[in-house]
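Some notes on the structure that comes next.
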Amino acid sequence: MTTSFLATDNWWDLRDLSNLSGAILDALDKIAPQGVVYVAAPIIGFIGAFALFTLLSQLFIGVLGERKIIGRIQSRYGPNRVGPYGVLQPIADVLKLLTKEALTPSTADRLIMYSAPVVFVMPAILVWAVIPFGPNMIIADIPISLVYYLAVTSIPVLVTFMAGWSQDNKYSLFGSMRVVAMAISYEVPLVVSLLAIVVLTETLSLKEMVLWQDTYNIWLLLVQPLVLIIFFICASAELNRTPTDIAEAESEIVAGYLTEYSGMKWGLFYGMDIGYALAASAFAATVFFGGWTLFGLEEWVPPWIIFILKVWAFYFLFIWTRGTLPRLRIDQLMAFSWKYMLPIALVNLLVVCTERILWTDAFDGDKPFVYLFAIVNIALAIALVVGWARFVGYRPERTPSRPRLVREAGGYIPVSSVSGEGR
Amino acid sequence: MEGFGVTVAFWILAAFTLVAAAGVMVARNLLHAVLFLVLTFLGIAGFFVLLSAEFLAMAQVIIYVGAIAVLILFAILLTPRSGRQNSETRFALPATLLAICLAAVFIFVIFDADWSEVEEDPSLAASELGEALVSTWVVPFEIASVLLTAALVGAIMLVRSPEEEAEDALA
Amino acid sequence: MSSPIKSEPFVINVGPQHPSTHGVFRLKVTVDGEKVVDAEMIIGYLHRSMEKLAEERTYTQNIPFTDRTDYLSSMSNNLGYCLAVEKLAGIEVPERGQAIRVIMAELQRLASHCMAVGAFVNDTGAWQTPIMWLLRERERILDLFEMTCGARLTCNYMRIGGVAFDLPKDFVPQARKLIRDMPGFIDEVEGLLSENEIFVARSRDIAVIPPELAINASLTGPMLRGSGIAWDIRKADPYCGYEKYDFAIPIGYRGDAYDRFIVRLEEMRQSVRILEQALDGLPGGPHSTQVPLALRPPAGEAYARVEGPRGELGYYVVSDEGPSPFRFHIRPPSLINLSVLKEMTVGGTVADAIVALGSVDIVVGEIDR
Amino acid sequence: MSIGIEHFLTVGAILFAIGLMVALSKRNAVGVLMGVELMLNAVNLTLLAFSRFSVSERPITGQTFVVFVLTVAAAEAAVALALAVSVYRNRETVDVDQINLLKS
């Protein structure tokens, strides 16, 4: 390992929790029959990654934090009645959902409708297997974890379709048709843009990417700003977060594919939506924000705490856009994916490939060239985004954003007429 | 392949995949059949992992579960409700017989042949696959990309409605 | 080869229970994919027979009914009804009463436009933030109403011959504070939305009403002005001394949903201007003339119209010298503005239909009465 | 008990047979397509089994073939589904028994 990580191998060194789990597993191996360890290891990993981090984050950052922050954005208090500062609100919500009757329409396809929320939970848990919380804190350190992430996060699309179709409700069917069309469109620029990262770092492993960023002392956010933007937009589209939440567009199709769900069946969808958003944040924190490293600070502060804070910070972006932006229409979203993001991602990929070849062949992989590439890529990102927007921008007949003013009541005043007061 | 884990995993996967594949045959509702098909794809991906082709397993999930299954579902939704049952034509019985005969022949051949096996895992990394694709197999690779483009264009041309064609002719 | 078959027509009921119908209104949309091919309005879920009920009550007792037609602009409704009865009975309103009426009507316009803009932006999918901001300011206006007459929504403040009570002592300073903050606040909303690329993409060129259609469908209010027609009852047929105030009529360019949005925002600015002038020139004297409780206007008919927040709000009263109106009719602007909904929605997508509906700014209580 | 190449090939053979059965007997064009997809998957499994177990200089070849099969499967699915939609639009059916314009 190339990192200068200082954690010792002592089980009590909480800077690396894998020491603790390793100690537990070693002890178990001695006393328990053979094979138990194989069962125990994923369970410990699950408890560590999912139960301790994801569930708590989901409840207190995803549910409470999101509602609090959106409350602040909307100049109101968030939940503040249950417990001090409302911290027990998520638990009250869960209790309420559990005691609520889960209605099923009589014409629904019961098997699919009941299994959809359950199947929806599974990928949300599976994603966390490859997220590196620390140098050794990965449940499954597989060499192709980036592809694994993409594969696992493509399953929910199918589940939302199952959910929407099974209810025999027109709103749900509409919602799931939209999800399917949109998710396929957004998968393409997402994969193409992430390919640029893979070309640059020459690895498919998330852990190796963190180590790459640590080696070159720069976050990929700076080397590949365009990819971060595309990733963020595509992730919001696949997660149905607000600028792109056409699948559950409340003002149009009531709740989209969740219309007939109630009680904890709905609660699973809601909770796991947050789980996926957290997973996307974790992925972004790993790939773009240096994962568990923080320029040497990880030697003193437990790296998993740094990582979790980064995840929450990125999750804030999701909350922020949700509280600010209106929703796009489906044809606009599709056009945005195919006409804007895909060409930009392709150009970016081309440039990164060129840089990579130059770097390997002409510059012998020298470290300072990464900084040169960073400058070039930031300039390229700005130029591409601005230039492309100018080139194929959404240009309706541009009328001013202030109305004309007239003094006297009268008939129709054509736009060309100069009688208006105008500003 | 030795080992308790591998053996158990194989039998579980085999049962899972084949039952799901049989589900595609027997499901009465076309949408249920598609969901069984997805389970089959996932089982196959599990086999790929077992055969130490992790990259292809993930590609299988992305392409089959994430794209092809979704595409099939979309096509079903575009056709009417009446076309959503998964019934058989009058060829059902001959087809079944043919399939059973074929499977019997295959299995006989498989167990009769003397396979030369390597025991150690060749453990191929994803980068080796990439290198093979752009060195030895670069011509088929390019042809495949042309095929994909052709399929893309063809699919778009096929589903265009006459109104859209008229609009494009005007434009 | 037979002619190509379209995909199945798909009928979606938007409403009567739907998040964006602003009440119990039903829109039966026939869609082909995402495209709307037909739209049918079904109204009457909130019918309370107000016009008939009013024939059984005295003229003064009818004022609370007018609160409950358009519950988002009760002051304007009060005003329209009182003007009609005053016209019928030939009653003069003192200067102060008229000024207070103008202040209240303009505050009501501000409050109603806050709601209209907020709900419209909510329909485009902004997750509650703009409406929360706008409701915050609306609360302050409603506080002023509560301070004056004790009610926030259904004010029942105007009386035949003036207003029910004089303004409370600290109304004027509070109102001045409000109108001092208001322009900055409108700028804030404008900064959030007017140049927002997504909002513009969602509302520009959506639900366009050409000027001919707007006139032929007898649209009024921001809907008409959004299509570029300079028409405002306050200018065309002044009442309550509106001719004394200096203000302008904002008109749009193309008649799309975005134009209606900017026209509403600009109307809020103009209302602030009128409020400033009205508060500065608030005359003394009585706030109301004495009118007999059992008013029996001479036989005849009267139609009075005011520029409500949604358009021309007309009240038609016929008297047969009895203590209650012989015939009582309301011209609700929402209903008539809604009549072009089909023209606005057909050809667009479902999402556009919702935006079109939001840009009409309907109040179902007024449509069904 | 050890798992050898026979086991994987057997699973592949049975899967192929089921796929063939589905493809030959289904009335719905989309059902036929699903059968073809099953067969392609069976072939993929077989190819990978050979790639893993055979004695070869270049074991990667099997994986390469799988990549091509995946590509062809994607292209085939796109075109076949477009055909199904197009046939439905023109003939109002996706029943393969009734798509018989060429029959005299």
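Residue numbering begins at 1 within each chain, and the chains themselves are lettered A, B, C and D in the order written.
To be clear about the criterion, a residue touches a chain if its C-beta (ideal position, glycine included) is under 8 Å from a C-beta of that chain, and two chains touch if they have at least 3 such contacts.
Since the model is a prediction, treat every value here as computed from it, not as a measurement.
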Result of counting contacting C-beta pairs for A-B and B-D, higher pair: B-D
Closest chain to the centre of mass proxy, which here is the mean CA position: A
Gap in Å, rounded to a whole number, between the CA centres of chain D and chain A: 34
Averaged-CA centre spacing for the pair chain D and chain B, given as whole angstrom: 6
Intercentroid distance (Cα basis), chain D paired with chain C, Å: 63
Distance between chain centroids, defined by C-alpha means - chain A, chain B (Å): 29
In chain C, residues with contacts to at least two other chains: 4
Of all residues in chain A, the ones touching two or more other chains: none
Interface hub residues of chain D, defined as touching at least two other chains: 88-89
Chain A to chain B touching residues, read off their complex: 35, 38, 109, 111-112, 142-144, 147-148, 150-152, 154-155, 157-158, 161-162, 165, 173, 177, 180-181, 183-184, 187, 204
In the complex with chain A, residue positions of chain B that touch it: 4-5, 29, 31-32, 35, 38, 54-55, 57-59, 61-62, 65-67, 69-71, 73-74, 77, 125-126
Complex contacts: residues of chain C adjacent to chain A: 10-12, 18-20, 34, 121-129, 132-133, 136, 190, 192, 194-202, 204-205, 211, 215, 225, 227-232, 235-236, 248-254, 258-259, 262-263, 266, 349-352, 354, 358
Parts of chain A lying in touch with chain C, wherever the complex brings them together: 70, 73-76, 170-171, 174, 242-243, 245-246, 249-254, 322-332, 394, 396-397, 399-415, 420-421
Chain D-touching residues of chain B, taken from the complex the two chains share: 1-2, 6-7, 10, 14, 17-18, 21-22, 24-25, 30, 33-34, 37, 40-41, 44, 47-48, 51-53, 55-56, 59-60, 63-64, 67-68, 71-72, 74-76, 78-80, 83-89, 91-92, 94-96, 98-100, 102-103, 106-107, 110-111, 115-118, 121-122, 124, 128-129, 132-133, 136-137, 140-141, 144, 147-148, 150-152, 154-156, 158-159, 161
